[in-house]
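These are the structures in question, set out in turn.
Look for chain A in each of the two complexes below; its partner is chain B in the first and chain C in the second.
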Partner chain A sequence: MFHQTPARSFTLAVVLAALVAYATFGGFFAREIVIEIAILAILAISLDFVAGFGGMVSLFHGAVMGLSAYGYSVLTAKFGIHPIPAAFAGIFLAASFGAAVAAIASRTSGIFFIMATLAFGQMLYTIIFKSRWLGGDDGMGGIPRFDASWIGLDFNDSLQFAIFAVFGIAVCYGIAALLLRSAFGRTMCGIHGNEPRMRALGVSTWKHKTAAFAISSAIAGVAGVFAAQHTQYISPELLFWTVSGEVLIVVILGGLGTLVGPVLGAAIFVLLKHEVGNYTDHWHIVVGLLLIVTVMAGGRGIYGQAEHWITGRSRKARESLNA
Partner chain B sequence: MSDAAFWILQLLNALQYSMLLFLLSIGLTVIFGLLHFMNLAHGALYMMGAYIGISITSATGSFWAAFFLAPLAVTAIGAVLYFTLIRRLRNAGPMNQVLVTFGLIFVFLDIVRLGWGDIALGLDAPTALQGTTKFLSVSYPTYRFFIIGLGLVVMATLMTIVSRTQIGAMIRASVENDDMAAAMGINVGRLFFAVFCVGCALAGLAGVVAAPVFSATTGMGISILIPTLIVVVIGGLGSLQGAVVGSLIVGSIETIGAAVLPGVASILIYVLLAVILVVRPAGLIPARV
Partner chain C sequence: MLELKNIESGYGETRVIHGLDLTVEAGSVHALLGRNGVGKSTTLKTIIGQLSLTAGQIRFDGTDTSDLNPYDIARLGVAYVPETRDIFGALSVRENLELAGRLAPAEGASWDVDRVLDFFPNLADRMSNGGHELSGGEQQMLAIGRALMMEPRILLLDEPTEGLAPIIIQQIFTKLNQLKTEGMTILLVEQNFNFAAGLADMISLVGRGQIVWQGTADALKTDTEAHEKWLGV
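Up next, the complex of A and B:
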């Protein structure tokens, strides 16, 4: 079950404020990092929504993000459609794909579900990789950013775009948190806890799973629109299954099922990647070992572990008061 | 090239690729069937087999030394993994298994980059197997015939062991119901470890025999993993016959499809997997009836 505790609100506020401050006072490179963090954080929120609360681990969120990025890019760069409807179209495309896969894959569970998402994600990757019209492995360029001159903003300015991206995290977090607190979110957590019982209560579980994936994929689609606008160039690499694996790593490192943990995880992951990159070329071994240690230590992640200690201590304090 | 020769060539290519997939998927599927463990790092073990094989060949000057020693070395790596991580993850649920073995993919990727560098390395086929052999009026590399033969020998051996020996009966019993097998006096833990080692050895063997054909790259472990997983799911997780059928299907679709329908072939295996997951989620030949 999801609770937006004061500690979670506080952590989210601190992380978002730190990102805004880093973008404002850092140079161009800092802003690029903040945008990178924001894209990863939104994607991590979308994955935590289904994996952390619905118990449905997916290995296709990278592909969903890429699909939305391609949808946005094709509509704007190839057909000259206005960026805002194009962004909605990209997000809608991502949501439909996510819902379709979930509708098919929700017949399976556990490792088969993971394999099914992996297969559909790779299918999408292969289709785009092979398509000459979409640029194949060369990717696509010339993608415009939103034109926000009507409210006096210029998103081609890296600082303004970075702050817009951080705003994007806040909006996506808010939507995910509201949905998790709604009856829909509670039902999803119930299905995770005990699916046969929810079915016995009269809940059509596959419809809920499909809807949950549609929502999650729409949020991943938001990340895709940001990703396409960030570098204004996209390539099929966005959709490769290891991207989805990396997002899963971010969610686990931050704290699965805490919603704010993945945001924190994304910030730490990207910063660590750039810091480690200054010393060694071998970033993968660092993140691989970190992941293994996190999972073997109980899999709570950074925020989850902190929360576990704090609630554990306060419970102990309460018990000693009662005794 | 005549029409018949074209088809024979495609068929041989498909068979050769299927045999490599079989060597990999048999380990993955049996490990899953027995240990309920999904090892995404199986492709990484294949890659280690290729690189270790190349080093052994250059140290001893003999491909055959690598052919026998590289699988042993990979088995040793597997044994270390078994005692440090895999044994503890057996009952940890699929997500933790996927995560830890995904982490292992990254670790092995960098170990190879540190030890052997980023450049693709080749390996010469042994002198006895160089050149081509005529088969039904088609000249085909002798070494690839060797891979096909090796795959068939391994296939026949495993089939015999599983269906005809006492060890095989113990394995089948444990796949069916491991608690009951343990109650009947089978040392399930030791059996699992032995099967795990055989799976790792076959992955290493696949790596070393693949090196002369494909050359070793840091991406080889990741790129072979997806077709291997598809074989395992199509065939039925934990099923030996399923791995045979699955690798023949995937190998044929990938090679013959690439020659006949170049645009669609790479998508076909994913479509097939999707259809199987919907229609027969337990695979074509399920391990448990």
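Up next, the complex of A and C:
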């Protein structure tokens, strides 16, 4: 069950404030990094929602994000539709795809579930890759950002767009946290804990899993809309399964089932990629070593491990006081 | 109220129940007794739809439930308390109860968290504890409480006394007796003969996947032959 503890609120506030500060004082390149972190963090929140709390690990979240990005881009760049309804349409498209895949895949579980999501994600990748109308492997350009001049903002300015993306993390986190605290989230935890038991309690578990994936995919869709607006150019690479694999690494690195961990994980992952990437092309080795260390330490992830130490210590302190 | 007609079921290729017939009357407590491995728990799992029928028919209050999904059967008012109790360790006691109450029919609801706590006062002190922090007796009380939150019309209990201290068994006995007086229909699977005999209006002995003897507790006590043949070790 998810608990929004003070430690989690504090960590989230610190990470978001650090991102805003980095974007404000760091110049253009820092802002690009912040936007990249924000997109990955939102995608990681969406994956943690189903994987960390529902126990449903997926390898198609990259494809879902890409689908939403393509939906937004086609509507705006090809049909000239206003960016805001286009964004909602992209998110809706992602949610529908996620729900449809989950409705089929959630009849299986474990490794078969993961493989089913991988297969559907790769199918989508192939369709878009082969589509001449969508630009094939050349991708699509000319994608507009939101026009926020009516509230005096200009999202073509890299700083304002970066802060907008950080705001996006906060909103997606809030929605995920509220849902996880609700009866819906409790039922999802129950399904994770013991699915036959939930059925005996009267829950149609596959419907619930499908709904959970629809919500998760909608959040991934938000990441897709940001991704399309960020580079204003998209290519099928966004849907390739390695993107889904990368976000799974981010979630595990940060702390599966902690919600704030994946946000922290996204920041660490992107920073490592750029900082280590300055010295060597083999930055994956560093991420790999870090991942091995976190997994060997108990698999709680960086945030989860810190939380484990702190609560362990405070419990010890209380016990020594009582003794 | 609950009728099993010539049912067959089992696990995969292995058939455990071979043409079992059973009728549970509304408002009665019916106990299934028998040695290990004769199909008592399998019968309960088949009733709730966790195992599917390979032959025969199950009717609950006139509805044929043979092909229904487990969640549809649960929503008809069939609540099952498994032998393993299956408390959600990641959820608190309150959350475990609320989870079950959420899908109960709203009209005529008679069980809520407060009433369960009145019924099992031991749980009241443990409301915010995680499910994994409970003792065996508390888990059993929570499992029964969770089933009551579903507003059941029949309660299926699989060995509620297993592994519990005598004093806790006594408490659970008192509570189940109270439910019986209030008119709850109960189908009980037990190994503890005295516990079952004290509660049940009717006892069925199960042997090799069939009902082999049926009668009242008093009749069973005097029928030493049936007792020896189907219960003795």
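In the analysis below, the second predicted complex is superposed on the first by the 319 of 323 C-alpha atoms of A that agree within 3 Å, B and C clash if a C-alpha of one lies under 4 Å from a C-alpha of the other, contacts with A are read in each partner's own complex, and residues count from 1 in each chain.
Here is the rule we use: a residue touches a chain if its C-beta (ideal position, glycine included) is under 8 Å from a C-beta of that chain, and two chains touch if they have at least 3 such contacts.
Keep in mind that this is a model prediction, so the values were computed, not measured.
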Touching partner for A:123 - first (chain B), second (chain C), both, neither: first
Per-residue contact with chain A, leading partner among chain C and chain B: B
Chain B versus chain C as contact partner of A:314, first or second or both or neither: neither
Which of chain B and chain C A:24 touches, first, second, both or neither: neither
Contacts of A:295 with chain B and chain C, given as first, second, both or neither: first
First, second, both or neither for A:9, with chain B first and chain C second: neither
Partner chain(s) touched by A:182 [first = chain B, second = chain C, both, neither]: neither
Touched partner set for A:199, first chain B, second chain C, both or neither: second
Chain A residues within the chain B interface of the complex: 51, 57, 59, 104-105, 107-108, 110-112, 114-116, 118-120, 122-123, 126-127, 130, 241-242, 245, 248-249, 252, 281-282, 284-285, 287-292, 295-296, 299
Residues on chain B engaged by chain A in the complex (per definition of touch): 32, 38, 85, 88, 93-100, 102-107, 109-111, 113-114, 222, 226, 229-230, 233, 237, 263, 266-267, 270-271, 273-274, 277-278, 281
Residues of chain C defined as touching chain A within the complex: 48-50, 69-71, 74-75, 80, 82, 86, 88-92, 95, 98-100, 102-104, 146, 150
List of chain A residues in touch with chain C within their complex: 1, 183, 186-187, 189-190, 192-194, 196-197, 199-205
